[in-house]
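Please find the structures below.
Two complexes come next, and they have one chain in common, subunit A, joined by subunit B in the first and subunit C in the second.
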Partner chain A sequence: MNNGKPKTIEIVQRSLVRRYRAERRFRRMGLGAIVLSLVFLGFLFASIVGNGYTALFQTQVQLDISFDPETFATGELANADYPRLIKEALYKAFPQVTARGERRALTGLVSSGAAFQLRQMVLADRSLIGTRRSIWLPADDDVDMLVKGHLSRQAGRLSEAQLAWIGQLQSQGKLAKHFNWTLFTAGDSREPELAGILGAVVGSFYTLLVTLALSFPLGVATAVYLEEFAPRSRWTDLIEVNINNLAAVPSIVFGLLGLAVFLGAFGMPRSAPVVGGMVLTLMTLPTIIIASRAALQAVPPSIRDAALGVGASKMQMILHHVLPLALPGMLTGTIIGMARALGETAPLLMIGMVAFIVDIPGGFTDPATVLPVQIYLWADSPERAFVERTAAATLALLAFLIVMNGLAVVLRRRFERRW
Partner chain B sequence: MMLLTLLLLMTLAAYYLGLRRAVTVAGGPTSVRVLHSRPAYYGMWTAIWCGLPALIIFAAWQMLEGRMLTHLVVAQLPPEMQSLSAARLSLIVNDIRNIIYGNIPVGQVSPAVQAAAELYLRLQAISRIALAAAVLASALAGLGAAYGRIHIRLRARNQVERLVLWLLGACSTIAIFTTIGIVLSVLYEALRFFKSVPLTDFLFGLQWSPQMAIRSDQVGSSGAFGAVPVLAGTLLVSGIAMLVAVPIGLLAAIYMSEYAGKRLRSVVKPLMEILAGIPTVVYGFFAALTVAPLIRSSGHAIGLDVSSESALAAGLVMGIMIIPFVSSLSDDMINAVPQSLRDGAYGLGATHSETIRQVVLPAALPGIVGGVLLAVSRAIGETMIVVMAAGLTANLTLNPLKTVTTVTVQIVTLLVGDQEFDSPKTLAAFALGLLLFVITLGLNIIALKVVRKYREQYE
Partner chain C sequence: METATEQRTLFTKEEIGVTTPEDSKPQHRPEKTLPADRAQDKPAPTVGKPFVDNPRMACRHVNVFYGDKHAIRDVSLDIGRNQVIAMIGPSGCGKSTFIRCLNRMNDTIEGCRVTGEILLDGQNIYARQVDVVPLRAQVGMVFQKPNPFPKSIYDNVAYGPKIHGLARNRAELDEIVETSLQRAGLWDEVKDRLSHAGTSLSGGQQQRLCIARTIAVGPEVILMDEPCSALDPIATGKIEELIDELRRQYSIAIVTHSMQQAARVSQRTAYFHLGDLIEVGRTEQIFTTPRHKLTQDYITGRFG
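And then the complex of A and B:
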């Protein structure tokens, strides 16, 4: 029987080596794909953190400001010549600088916002007038970049003389990095050293508040209707197809809708959080509806039967028993939808929330911008100092998102019931 | 605001009055059982009668007030002003409005305009008083009528519930209105665009340089609105993204659902969710800040001429963004394949990877294709990454190292900034929006159909 022809078992065993090798290769490819995507994630975070952490500190210059009573002789504290106080202090610190051009270069080392800081101080405390104080004032962004090592000495942004003065200030200990409070307490600015994210954060807050106030009730109502009451008809099928499609429509198209309908037809204000919130509502509604329906489906029929059995009407059964049990699931879906809305940029560009806005918005109709749009705006700015601020703003945005998603996870863990 | 607060207070009062009345009608708190509904429903019923009609009057008045007043004021303008063209008239109305809101009017104000503004303010004051009277009268009338009709046999609960059901039903139509709104608004502006640029030029033109001449003899006055290069750029970037996302996402999904143990899953899944939850603007910043310079310098190192806004950088980062999307959809599809198919393959002696490649994947293929189509639609509609990392110039090229532009980039650049609303330039953005909507809608419908059909197959 065994005449030269190999047995089946031998063929199998010989091919087994190759097949096991293929098996291992396939497995390694799968693992490699996961590792690769995690490497991307790590690379992304490393790149943003690496660029952003330096923005937490801002170079400041210590100057001996003498609040000369003469400057305030007119009595109008708000309009006094504050830049002169800084110039005088600088000239005193560098008595060897006398030529006009050089003096201008010297004042260029201090941020143009330093005068505003002095103004705030005097307006808050009149007794400063006539005294001498040693005050830390923000340095110009070029100086800041040089100190942080982002700007090479040969770049030509700073002259030889300026470099020498910076060196002198450093050796005297009058140039140091301090925590950058401005980043968290100021609105936008053209000067990187004066720019902060507070305006954008407040704008995001108002926008999300509108989104939440509109999308949660609307989404839950729609889900309850479709899941509990709607007869299966063409009409409800149409609604469902619409919801599923809207979930996949590109977000920028919602922006076009907002531009044409809310701004164009209804004449609502440009750049306002109300309009932004309404556009984002339309965008997040499908997410909330789908999550809410899943939550309603998860409530077991026994609860419904029990409620109906003791004489509740259908509406009472749903409002008193089903809805409270489904609420944690609905809230989880809503938070995830809100997190998506917080990160959304494109539709808000369409309705004019890209304006340059210095003031911190005080209401729902004030012109405002939001955090992701602020990132987009800063990423477009040519100044090197904005790169680290953009990265810092990105970190702030990611922190908010992580908090929101963490909240959703906690909510799910605490209230999720397995029936 | 005052009025609304007052209305709210009245509605609350109506609730308590109705409730008390119901208890009284029933003959005291001990015998509420004779009522048809529980007493609270009578309260709600009364409150609805008090508040709802008044609220509707308030809303309607608010919507119509401005238009009515403007109409009345314009009718009072001197005849020579009324005979002006519509555009001039709207300028005058604007002036009037500026005076009303206390803004500084542009230029000299004619006495007629000043008078009109005063008239407007007078009318507005009258209108406010009339509104308050109407709202309060309606609220009181509703309250009185409802109060009088409370009776033991009144089916208050049924009526309240019917109203709630109506409200729920009305909410569910928002999705339809949104779709209609999108289609109508985009279509309307796009049709206006196609009046000045023929549809065939738009769909088949090979040149895209969206500018319109202010004077006809201007240099470079010829605006060209051919969407082909823009579309080609979109497809190039999305294609690169798919080349990155589909293999990595699919392999990751296979490993996660077939090989990975519980521990690895519990670590990798949340990380993938983080990757999915990162806003696109962050990816865009990452692309512009890190990836594009990296590709450019590595291209230079091997002697290639890479544009700083290359399609490769945008596509690569977009691919990273879509990996979790592809992987979670494929994961679902692979998990939907019944275990019996796998068991059958193992029983015939297939190895694990052979089972996956020759049994599980072919079985899950329709679903995976549907998921990939959804991912393509997402890539085409993705905006921020390409806005920040891809270019503005429309090149008709297949070279991924060159700059290309995409539909979404063009929409953003055409609409962000100060343009008049009806120049072909801004309208072109709506035409592109229509194109985008139609393409993604088509892809979505096909994909959702495929996925649904696949799911039903194994249920």
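And then the complex of A and C:
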């Protein structure tokens, strides 16, 4: 070492302070980013849960219904005059109300779906006829909103008389909030108190099942072929570029394609999960292919050499060694694609899955809607009671997503191998 | 960096076999100048006896290209029956490339092209109708870097026999696994944990596992690319014993950087230099009286 020149260690020491400062700054920035995103996430959750949890309860009115045999005397059981049973019970509970207009206001306190509920009960159990039962029936959504405090008494949606009756029912203990099973067991409805998410959940389930069943095998097979078998040529380059481009195509374009091809050319049913699933497959495929190819490329070549070296055929090498190692990565890609598909609305609007559908779909070709479309429909509804249901449906969507991701994590754990 | 002109003269001297005093200075030639500078060069002729009577494998005028790079230049060499041939030479001279040609492992490398003939028992393995699967079952290979499957020790060894259907039942498979591990000198260390992951073993153990995996298939020719580079002297000794024993039934080609090892295990030795096969001969002869200047420099430690 020349004297006069500083020693290496001195130069290193000098720069050390600066290096560590840079490192600390970088770490603080990373931490800041995480905190910021956590805050946003917390804010999002708080607002959704805060808006949505009240939808888990529904105000109900207890009425003494007498299943008058006369009502069922004529005609079929299913077509009997069930609304009358409720009216009678209400008139009996409020004998002071006699004027016609007032009586109509009185019956307005109970949901129009209550009669439907009575009908179901009678159809399920004929022995009810002739008896007298005390039954909890859903209140009208305005009553529900009032009880939950979302509607002010001065808003004018409920008259003075109605407010008085509500007060009377409450003091008698005949107006109370109960767990809202309807939300989880019913399909869509015009009446918020009768609307549920089950139809949309089942629709989402069928749609995603079709998407998964089509896109996973297709995507993996494509990736394996392109990565392991296809000769490098202008054609494979072209295919690769196109796959990458497809991943960036706006999803509504796939909806248009589905409309033109699946509905137009093939004449498949509108609003059906099978078509929705096929459209979402188009959208998900590029994601799965790209992720699967990356996973295949990540398998060390030494493993391929090892398999070929003992005389495995190419197919055996792929099936026994490469695919098992690439599977976790492929599953990750699939789950990302499926999560996107679950939240997708635009392409489904194009193929008619935005229709108002009350029935719960029973198969892949029944008309159905999906959770995000349901959220969109409810968010668009003017009734105040749909606000909390929109939030509740969003929660259900998140729960669906968490279950799906959880499943993927479990699967990945099972297939992951340590090195 | 030496200039191209200097290299050209150097090579001319080698080719005519002239030795001048200044040639015995340590020579360091950067290998990356090889393709451009030597594209016009003729491959160096091989000194010694590259051919044997009744060979197991016979290579004739083998050239290997990685894209434009000419990695093996017109090599002709026989692999004799029931003997070990050692391949030595400085790093990057093409030993691995050549040995991988012998069971067509180079097929998997994109852009790799092999010309010439390689005959296994008289049959050209690069012929169009040859299926690589039975070829590789016949010509097994141990790679330079240990590469066990990320599976259990047992499955690692049992994989080859399983896919080829060598065992009729589980007992036979167990038997194959045990003898293979024993011959590779690994049995005592792993017999209680056959279900553990092969990748959980130490580097040297992994290499022996790979050897066991290769011999479990019962190949007739075994190619070993530096099988002992990660092993301690005791394990190396075991492998060398194994090689000596395997030689009775099989033909073996081994790449090694250890001159002592080449001297101990092999009957013939081939010296490679920058893609050329410089000299082949009986091992004692190569190590005691090398005929080519480059061979002499290498084995006396002046080069590589």
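Following the convention adopted for this analysis, the second predicted complex is superposed on the first by the 364 of 419 C-alpha atoms of A that agree within 3 Å, B and C clash if a C-alpha of one lies under 4 Å from a C-alpha of the other, contacts with A are read in each partner's own complex, and residues count from 1 in each chain.
In this text, a residue touches a chain if its C-beta (ideal position, glycine included) is under 8 Å from a C-beta of that chain, and two chains touch if they have at least 3 such contacts.
This is a predicted model, so every value here is computed, not measured.
Asker: So, A:Ile303: does it touch subunit B (first), subunit C (second), both, or neither?
Answerer: So A:Ile303 only meets subunit C here.
Asker: According to the stated criteria, A:Val410 is in contact with first (subunit B), second (subunit C), both, or neither; which is it?
Answerer: In the superposed model, A:Val410 contacts neither subunit B nor subunit C.
Asker: Figure out whether A:Gly311 sits in contact with subunit B (first) or subunit C (second), or with both, or with neither.
Answerer: After superposing on A, A:Gly311 lies in contact with subunit C but is clear of subunit B.
Asker: Name the chain, either subunit B or subunit C, that contacts more residues of subunit A.
Answerer: Partner touching more subunit A residues in the overlay: B.
Asker: Once the structures are superposed on A, label A:His321 by its partner contacts, choosing first (subunit B), second (subunit C), both or neither.
Answerer: Once the two structures are laid over each other on A, A:His321 reaches subunit C alone.
Asker: Let me test your reading of the model: by the given contact rule, A:Arg232 touches which partner, first (subunit B), second (subunit C), both or neither?
Answerer: Only subunit C is touched by A:Arg232; subunit B is not.
Asker: Touch test for A:Ala213: subunit B only (first), subunit C only (second), both, or neither?
Answerer: neither
Asker: After lining up the shared chain so the two structures overlap, which partner does A:Val387 touch, if you call subunit B first and subunit C second: first, second, both or neither?
Answerer: Only subunit B; A:Val387 stays clear of subunit C.
Asker: Just checking: does A:Gly343 make contact with subunit B only, subunit C only, both, or neither of them? Give me first, second, both or neither.
Answerer: The answer is first: A:Gly343 touches subunit B but not subunit C.
Asker: Based on the A-chain superposition described above, do subunit B and subunit C contact any of the same residues on subunit A, and if so which?
Answerer: On subunit A, the residues that contact subunit B in one structure and subunit C in the other are 313.
Asker: Under the touch definition given earlier, write down the residues of subunit B that touch subunit A in their complex.
Answerer: 157, 161, 164-165, 167-169, 171-176, 178-179, 181-182, 185-186, 188-189, 247-252, 254-256, 258-260, 268, 271-275, 277-286, 288-290, 320, 323-324, 327, 349, 351-354, 356-357, 374, 377-378, 380-384, 387-388, 408, 411-412, 415-416, 421, 429-430, 433, 436-437, 440-441, 444-445, 448
Asker: With touch defined as at the start, can you tell me which subunit C residues reach subunit A in the complex?
Answerer: Residues of subunit C touching subunit A: 103, 105, 108, 110, 132-137, 140-141, 143, 145, 147-151, 159-160, 163-164, 197, 199, 210, 213-214, 216-217.
Asker: Going by the contact rule set out above, which residues of subunit A touch subunit B in the complex?
Answerer: 12, 19-20, 22-23, 26-27, 29-34, 36-38, 40-41, 43-44, 47-48, 51, 217-218, 221-222, 224-226, 229-230, 236, 238-239, 242-246, 248-254, 256-257, 259-261, 264-265, 282, 285-286, 289, 313, 315, 339-340, 342-346, 349-350, 354, 372-373, 375-376, 379-380, 387, 390-391, 394, 397-398, 401-402, 405
Asker: Please give the residue numbers of subunit A that touch subunit C in the complex, ascending.
Answerer: 232, 300-313, 316, 320-321, 325, 417-419
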